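Heads up, the next two complexes both have chain A, just with different partners, chain B and then chain C.
Right, the complex of A and B next:
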């Protein structure tokens, strides 16, 4: 009975993994398929010959590198800013009681309730008035703002997981509250910080709607918008588009490889009994 | 070392008064135990002394200096938490030396202090370990070591032993007693366990609902509790209580009106309850003694026996007697009350003598 269950579970997991990874596989497959074979061998699992021409073209003969570096700048800045602010807010939510706390929490929840489409016009208006259209700054500000609520709750839950006794022990040991935060609490929150960074980074990396509305010069386009330039009036350059897509996956993957060691649980084990 | 005076101290959380008008003085080098049932405000009082909890009203004075507004780090007090609160990302050595790290003490000096404390507690071989690789008892020692390294003017302990198993608890209790003898520092120790209180304390403070019930040495509390609460809380097994009334100059059991033929007692006129500890209640052959009943259960502990006796009008009374008593359940038995160790309580539960 148990083996049947185990096999069943493994099959289910396998099915899910295949389902989730297949589009990625297809992305890679089209990217390495020579243009002339795209339609003739459309449904084959692997092309008879393969090529890196699409990658070469994308990297050296398109604006891809510009989009790419724009995206890196925007995503990194948004992730860093949002995480910094969320960490501060999450810490205060977790540790202090103050007037207006519940109002702030409700307001932050409210911002998460509306479809972004509804507020895109006012945002455009604000950004335009500030003269920030077509700048990366506008995207950084917008992404940071829209990611802060969720990131804050995320950080708060990580801080909540760290016993208050530790702050207090550190303060008894001679720390100011800030020292206690820096030397004892923050090191224990690294997994939380990593998770939050990763979350905001990926959200910013793949955001299309605002990027589309606020940017229309090639110089400041981020990657998702840039991808659309591979769609011309009369044709879609599938091979190049997919090659660009594959390249776009790399930073996300690298980022997660980099932070995954902080994501491991159990860093707080041993603080308290048990 | 510190002398600590607590003057008219109050603490409110919202509208709930958790500490009411507490006045206490702890002498230099004294071992004080704050004891009381769960939720009576012991931790809150301790945390106010530590500076971790704000003071609603009143003063805390250490060595003639009012410390109400001093942050914890300026009070030179060390605290051992119930959860130990070790820093999980630091090894034992760094945990213990953390306070000196904050003060930027040179590593050599730091090392010396940590080694000394580790030697006192027998932690020498564990210095490189992280807290998660330590047993409960070892964590407890590290938490104490962290306090010792500080060389504070007072130690505060908040139920430090309650997470340990029974055997380890006895061992660590002894360790704490030795530590006090060795360091001679003022120590304030919170527990809900009256055995810990009796064994460790120079003086015990009994708290209930944030009000000090009595302050005294263990024997004072044991022999002359100020009220029914203290009488029942201190001593194990707890004191027997019998509802009584005064009828015709004679103490009688309230429900059956049968007389308890005791010599005249001071203040007996207003007594409503009579208290007697199990060890002062001696089984006698049936017909003898002050009250008569029937043995319900005999618990044999080897050194002692606990004899539960059902007495009409008084309910179940517990007598603690010799380990080799021959009494059997169902037997008729008399009980003799030792007149020198009687406690009388009035309607409000105040002791009458």
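Right, the complex of A and C next:
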């Protein structure tokens, strides 16, 4: 009975692992299948020969590097801005008690609940009026704002993990609050800052709908928009599309490997939002 | 300002302390202000403007016919069969997705909580879909369902679900299951992560005590695990349902709402109306209806929570 149970359990685990990995394996498989073989063995489980031609074409002979660098710029700037702003706000939530705090907390929670698509038309109009359509700036500002509430709660939970005695002791010793923050608290929250940075980066990296709305010139497309446009234009270049897909996957996977160990403990603090 | 409030007889010392009080009161707001400014300007102001759009005719296709139209957008919405269909699809999509995400996520969390050789590696692998950008999950699954380069139609035909290997995303009767499967794949890790964290917070002695009293593993699950998990389950399922109902990316990329609107949900309908038809007034009217529905949902939830508390 016991062994049956163990075997059943292992099979179930195996099932989950296969389900999770199969689509990614397939992406990689088609990306390395030579073009001439796609139609004959497109659905075979294993390619008979493989090639990196698709990656070469995508990297050197297409617009994807432009999309890639646009996405890196947008994601990095949004992540840096949002983390900085959220760190200040999270610090305020963690260290002060003040009138109106609960209202602000509720306000931030509400922004997490209402459908962001509600504001896609006014945002478009405002951005158009400011003459910022087709600029990366508009995306950076929008993504920063969207991610501030979640990042603030995340940063607050990291600050809460640092005993208040530490800043009080530093202020006792003659530091101002800002000095205490800079010299004592911030070094201790570096992992928290890094995690927040990563979360905003990945969120900005994968955002599609606002980028579609606000950007339509090739030069300022981010990766998701570029890939989708490519798909609807050249929907037979399977190998290249999937090679581009693998490239889009890289930054998120790097970040994932990095936060893996915090995942269960650290994420629950703000896990309500996916 | 300060001097006007401070009594004329006050010593300089007390005046300074007044300032200190003011400074202490302002300090938390100082740290909060950049966040508040961003949220105000990029989210709340557009929200109000967006609601006002619902009562106007704003279409970039015919910019001349713009202006206030009262409830005309909502009247058109009431007559719109596409809208009612997408409302029904939203319910179907949300319930089916959350149902499978939750039960498969719970199963995974229980397996991972058990502990076995190589657990850390397995955990990293099964949580990986969560890290995949949504547009890429959508494209990958769309490709998997494509009979030219994807194996799924052939497998489904082999086990008799499909009569021949064709793309289910182009069959109006079952197309919605394409995005639902992708959503399940993408959402299992979320439930597994939150439920695993909750499972790990259950004190171990409870199970030991139950085992000494002769309880079976199943009894332990029903009497200890479930009651402990219940609050976490209720909160995550309800919030997740909102999130999934609003989640347009997968459907938009995989089917664009088609074929024949069979996969159109409210949020994709908003997006396609704004993005393809550039009819901002009508898109905003749909969005306002969605907002009202969500508010009702939230109110019902709060009510339920209160009455549950009373029972307990």
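Just so we're on the same page, the second predicted complex is superposed on the first by the 229 of 274 C-alpha atoms of A that agree within 3 Å, B and C clash if a C-alpha of one lies under 4 Å from a C-alpha of the other, contacts with A are read in each partner's own complex, and residues count from 1 in each chain.
Assume contacts are C-beta pairs under 8 Å (C-beta built on N, C-alpha and C of every residue); 3 or more make two chains touch, one makes a residue touch a chain.
These figures come from a predicted structure and were not determined experimentally.
Of the two partner chains placed by superposition, only chain B is touched by A:187; chain C is not.
In the superposition on chain A, A:202 makes contact with chain C only, not with chain B. In the superposition on chain A, A:213 makes contact with chain C only, not with chain B. Contacts of A:250 after superposition: neither chain B nor chain C is touched. Contacts of A:7 after superposition: neither chain B nor chain C is touched.
Annotation for chain A, partner touching more residues between chain B and chain C: C. Contacts of A:120 after superposition: chain C is touched, whereas chain B is not reached. Annotation: chain A residues 267-268, 271-273 touch chain B in one complex and chain C in the other.
Every residue of chain C that touches chain A in the complex is listed here, in rising order: 25, 27-29, 31-32, 34-36, 38-39, 41-47, 49-50, 53, 58, 104, 107-108, 111, 114, 116, 122-137, 139-141, 143-144, 147-151, 154, 185, 187-190, 193-194, 196-198, 200, 235-236, 239-240, 242-243, 246, 248-249, 252-253, 267, 270-271, 274-275, 280, 283-284, 287-288, 290-291, 294, 298.
On the side of chain A, the complex with chain C involves touching residues 9-10, 12-13, 16-17, 19-21, 23-24, 26-27, 30, 38-39, 42-43, 45, 85-86, 88-89, 91-93, 95-96, 98, 101, 104, 107-108, 111, 113-126, 141-142, 144-146, 148-149, 152, 177, 202, 205-206, 208-209, 212-213, 224, 227-228, 231, 238, 241-242, 245, 248-249, 252-253, 255-257, 260, 263-265, 267-268, 271-274. Those residues of chain B that touch chain A in the complex are listed here as 50, 52, 71-73, 77-79, 81, 83-89, 98-99, 102-103, 130-134, 136, 139, 146, 150, 163. Those residues of chain A that touch chain B in the complex are listed here as 163, 165-166, 168-176, 179, 183-184, 187-188, 266-273.
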